[in-house]
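To start, the structure under review is shown below, and the notes come after it.
A, B, C and D are the chain letters, set down in written order, and residue numbers restart from 1 in every chain.
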Amino acid sequence: MLSFVNDYSEGAHPAILRRLSETNMEQLPGYGSDHYCASAKDRIRKACGTPDADVWFLVGGTQTNQNILDAVAPPYAGILCADNGHINVHEAGAIESTGRKVLAIPGHDGKLSAADVSRWCEGFFADANHEHMVCPGAVYISHPTEYGTLYSAAELEELSKVCREYHLPLVLDGARLGYGLTAPDADPDLADIARLTDVFTIGGTKVGALFGEAVVFTHTPAPKHFLTMIKRRGALLAKGWLLGLQFDTLFTDDLYLSISHHANEEAGKIRAALKAKGYRLANEASTNQILVTMDHATIDRLSHQVGMGFMLRVDDDHDVMRICTSWATTDEHTDQLIALL
Amino acid sequence: MLSFVNDYSEGAHPAILRRLSETNMEQLPGYGSDHYCASAKDRIRKACGTPDADVWFLVGGTQTNQNILDAVAPPYAGILCADNGHINVHEAGAIESTGRKVLAIPGHDGKLSAADVSRWCEGFFADANHEHMVCPGAVYISHPTEYGTLYSAAELEELSKVCREYHLPLVLDGARLGYGLTAPDADPDLADIARLTDVFTIGGTKVGALFGEAVVFTHTPAPKHFLTMIKRRGALLAKGWLLGLQFDTLFTDDLYLSISHHANEEAGKIRAALKAKGYRLANEASTNQILVTMDHATIDRLSHQVGMGFMLRVDDDHDVMRICTSWATTDEHTDQLIALL
Amino acid sequence: MLSFVNDYSEGAHPAILRRLSETNMEQLPGYGSDHYCASAKDRIRKACGTPDADVWFLVGGTQTNQNILDAVAPPYAGILCADNGHINVHEAGAIESTGRKVLAIPGHDGKLSAADVSRWCEGFFADANHEHMVCPGAVYISHPTEYGTLYSAAELEELSKVCREYHLPLVLDGARLGYGLTAPDADPDLADIARLTDVFTIGGTKVGALFGEAVVFTHTPAPKHFLTMIKRRGALLAKGWLLGLQFDTLFTDDLYLSISHHANEEAGKIRAALKAKGYRLANEASTNQILVTMDHATIDRLSHQVGMGFMLRVDDDHDVMRICTSWATTDEHTDQLIALL
Amino acid sequence: MLSFVNDYSEGAHPAILRRLSETNMEQLPGYGSDHYCASAKDRIRKACGTPDADVWFLVGGTQTNQNILDAVAPPYAGILCADNGHINVHEAGAIESTGRKVLAIPGHDGKLSAADVSRWCEGFFADANHEHMVCPGAVYISHPTEYGTLYSAAELEELSKVCREYHLPLVLDGARLGYGLTAPDADPDLADIARLTDVFTIGGTKVGALFGEAVVFTHTPAPKHFLTMIKRRGALLAKGWLLGLQFDTLFTDDLYLSISHHANEEAGKIRAALKAKGYRLANEASTNQILVTMDHATIDRLSHQVGMGFMLRVDDDHDVMRICTSWATTDEHTDQLIALL
């Protein structure tokens, strides 16, 4: 059956599999100390225009958020994020498992506004009892958000300013970063993101890799003993070169951007078709996630032919569904879907 | 200066100090294995009409919530509570420090409704991704709430029913339970509370003791190794008889109820005076916490003569302030306050 | 340079890479709910002769130990293990990070004896203060051990008996299980291990896979919500079929056993050569890890031509070094090493 | 029955009860912000000769160790201590509950030697794999130790030097500090301890208070947000002045020292009697804990008339028992005990 359920339903871009095969019997040192990791880190630093950035690789997204936030915020401090933020709703309490509270603020189409963060912090520190409360220790955003929306460069700039005012590291979850960098209305580029955040991730799992997330500490190196912290969380991959090789491939000849761009183009075609057919889109997102309101009859009809994701209930007759393209989506799949809509 | 800031500004009821003095040089075994603890537990079981209840004593409120929830809910499960619940806002992340997420639901005058819990649980289990989310592990309520309000017996009955339907232990934080049991409109009595909850606490710190909270496991004993769990959390008092002696005294000749009743009477006089003078009360509470909206000029004027607590900002000119009576409030203090209002 | 540093220096057995390529564009559901995982679980259950066993897949070894012990022992209970056990020395405190104490007992060539466990438990429960101490919650052993040694079936039987007597789950870390099952003096087979332990793992990372550990709950299913627990620890692989595919391949036509057997044969040749040349072996192990005492001059000379691992200092002139073969070791590599010794 | 089981079997020195009564109805601000705490801190700073020390008060010993170590060592770092250290054996895993490993080193009569710490650290950092292991984060000692023994000033000086070399905070658990400061062979005084450690505690629970431990950060203030950390661990006493009042009393007119001295004198009489009667003492301790080897017949005979503590089994016929005096021991009790021996 045709599936637009998510962007991690296939393996990896063929170029990655090819390199895994070519290097398979090369004897390499473990835990990311190999030359492929070194090369991948260099390529990422170059792509970001940050020669001094400290780059690490981890396996999965929840694991990555957990390890980053564990490293940048003290255990007694909370993590500010939009209420629909991945860490708040879909990571099974991974952040709380490390002793930290997630401090959720209502989001705007999945985004956290600088004004909201500022107001929250001002209120917090004005409270005479704030030492009895969970102080903020970092700010977490997703770009694209869980709803496919994007921060403008100006929005990011403002958020960054508020974070610095309150000495809060700004952490950007880029699980789908490629789709954000290559969207028609993409605004901040890699250099902007590296300049405005303290740590950000470059998702591989959803953008062409078998698995893997790159973590970029932009202005200061990762905290001392970060490798030990990763090991302690059970997150240190023995054959670390598998991560290096994949990111080295993705950051060669702009492969990461070109496959992301492709997914956005396929999404664009689907969006145009949905609009033409009178469907109502739930937001203005231009990345690979399409949120569309459908009535139950349509959902039932489609469910036998194409996989989509459920997002939320609108009313007794309508749900918001998610249609997700990816680096692996073919023109043929897109055409089949459009024909079904 | 006159203080109505809170209900833990004085030491203990004189009868408690007297017994501490009388027994001071008696050699007693530690950690709550003494005969005063045994006697206090018996008195509490009798007062609750639950001969089989399992009673424990801890030192403070946050510690008590932390230890109870640690014992009744697995670490991966969250604790449902009203958004203004003490564990969600004023315990510095004590619950999250044990790895658990607090799942906050908007409250109604500080109360959690059975309908809201039911809707939340229904939505949770209907979500296809719920295994990637924090499942509920217990329900926490306060009675009286942090706003001084009370559950009716019917409300508690409904909550209890929902909790049992979803196999969620219902935990009632009775840090101010005495004030709730003796309010003019008090509805559930100790026996109701013991029948409808799985664990509840009887606050001593705010009701006549130097410190101490009794924990009542109503239907089944505390989980195996609860003493070890308490010790592991640094919460086991060496001279445990200090807790037993205090609760033994409070539960002799209904002292706990009579001193609570007194505090409510003083609060009643203040409420009547506030109404008579045209102040707006923030809710219908009848216990020892009075939430009243005041303009800033009034607040400024009073602040030089009487201590009150700030609750929340209403608008640029008004705040909700808290006036709190206690077992220690004298008629004279109340009269002085009323004269100042 | 020739490397016998460890058994995770190369990628994967070619059959695994081949299947990854063949299935690369197949759209599959995430998180282990795919048909490759189902098939792999079936093959493992068959190999163990346990039709009802509950099989799971995780990415790495430390992660696997952390997740299993988190699931089978309460947080306040400790994990009994040999003092050189991987969880005690080389996992950066991963077990303690979940709040649990590792209770280390001196090992015998890396093994924990039933008598020692029995004596420890007897002493513990006889101590009048044991409720103030960390009670045992599970027993952890490695097979082969970190020193390459093996439990006999009788030893395992005795350990199992003691564990059942004290209601302690017996957890066997089989990170190198293949090498243990196919050693010349291998005694317990898969069926014995399944019968005598409560949970055991089948290591892939060190035995032919890119990564991956299978977890077998032998007698009762994994605890409720185990998937949530894994997600909460950041250990749930999005493309779970990558694990299923690898184990499905390893458990087809006994590939897991045949590649393990090969590694042991190469180790056997090296051991014979070492003995012939007068080196002193540190123990009687017959698996793929060779522990040999060398003087510093020899170590220096070899270090330019072959990678070995340092195990421990013997005296000012001698160290115990580890020579490690694997599924990937070639006859040619072995011959080169022997020539150098 | 006569009890020499421990030093926390009675309430408090009468002077403390008197002050609690005198101040009972004084309205005071909570959480240690009152004037009695301020006064007590001043007196402690003066007694230590450290005008800039940062002093805090907590309720119990395990809680205090947990909160201090939580504050001074990162969660991924371990706590070095003697294997019989209180945190390693009798705190139910309180340190591990905060995610930290206790790194136990064999002690010498309960003491940790500078040479052992130095050797351990040297070995650790020399290990090529040490980033995969638990690095040291602090050193914990008890003075007097759990066996009643004392560090000499020279031993403390050496330990302090090693700790500084490795940038490890030296934490001294003074649960029985008074008995250590006033022993016949007491060597380091309060000023020495303040100079040589980074944090130390002054025990109240076992030395004349109802409860309470003072924590002295000697050279730098407590870490930022220490109050929040304490609250988060459920360890912040609402009526904090109860701690301040007790320590203010204990540090007035050297009460803390004079009552400790008395306990040591009583212990001295018992030791002399034991020696005269041919008993074998287990160590050279001169503080209030007497460790003495007894045969089972003697233990049985005495057990009907006097409470003693069991320490450890020597052989099939002998145990080491503990006889413990305290501030509350009377000459009469001591004479009775001696008559029984």
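Just so it is clear, a contact is a pair of C-beta atoms (placed from the backbone, for glycine too) under 8 Å apart; a residue touches a chain by one contact, two chains touch by 3 or more.
These are the chains along with the protein names UniProt gives them: A, B, C, D = Low specificity L-threonine aldolase.
Here the structure is a predicted model, which is why all the values come from computation and not from measurement.
For chain B, the chain whose average C-alpha position is most distant is C. Each of B-D and C-D has its own count of C-beta contacts, and the greater count is at B-D. Between chain B and chain D, the centres computed from C-alpha atoms are 34 Å apart. Computed from the mean C-alpha positions, the centre of chain B lies at a distance of 50 Å from the centre of chain C. For the pair chain C and chain D, the distance between mean C-alpha positions equals 42 Å.
Within chain B, contacts with two or more other chains are made by residues 75-76, 91-93, 97, 99, 131-134, 228-229, 231-232, 236. On chain D, the positions that touch chain A within their shared complex are 31, 74-77, 99, 131-135, 225, 227-229, 231-232, 236.
The part of chain C that touches chain A in the complex is made up of residues 3, 5-6, 8-12, 14, 17, 20-21, 23-30, 59-67, 91-94, 97, 205-206, 210-211, 228-229, 231-239, 242, 307, 328. Across the complex, chain A meets chain B through its residues 75-76, 78, 89-93, 96-102, 128-129, 131-134, 310.
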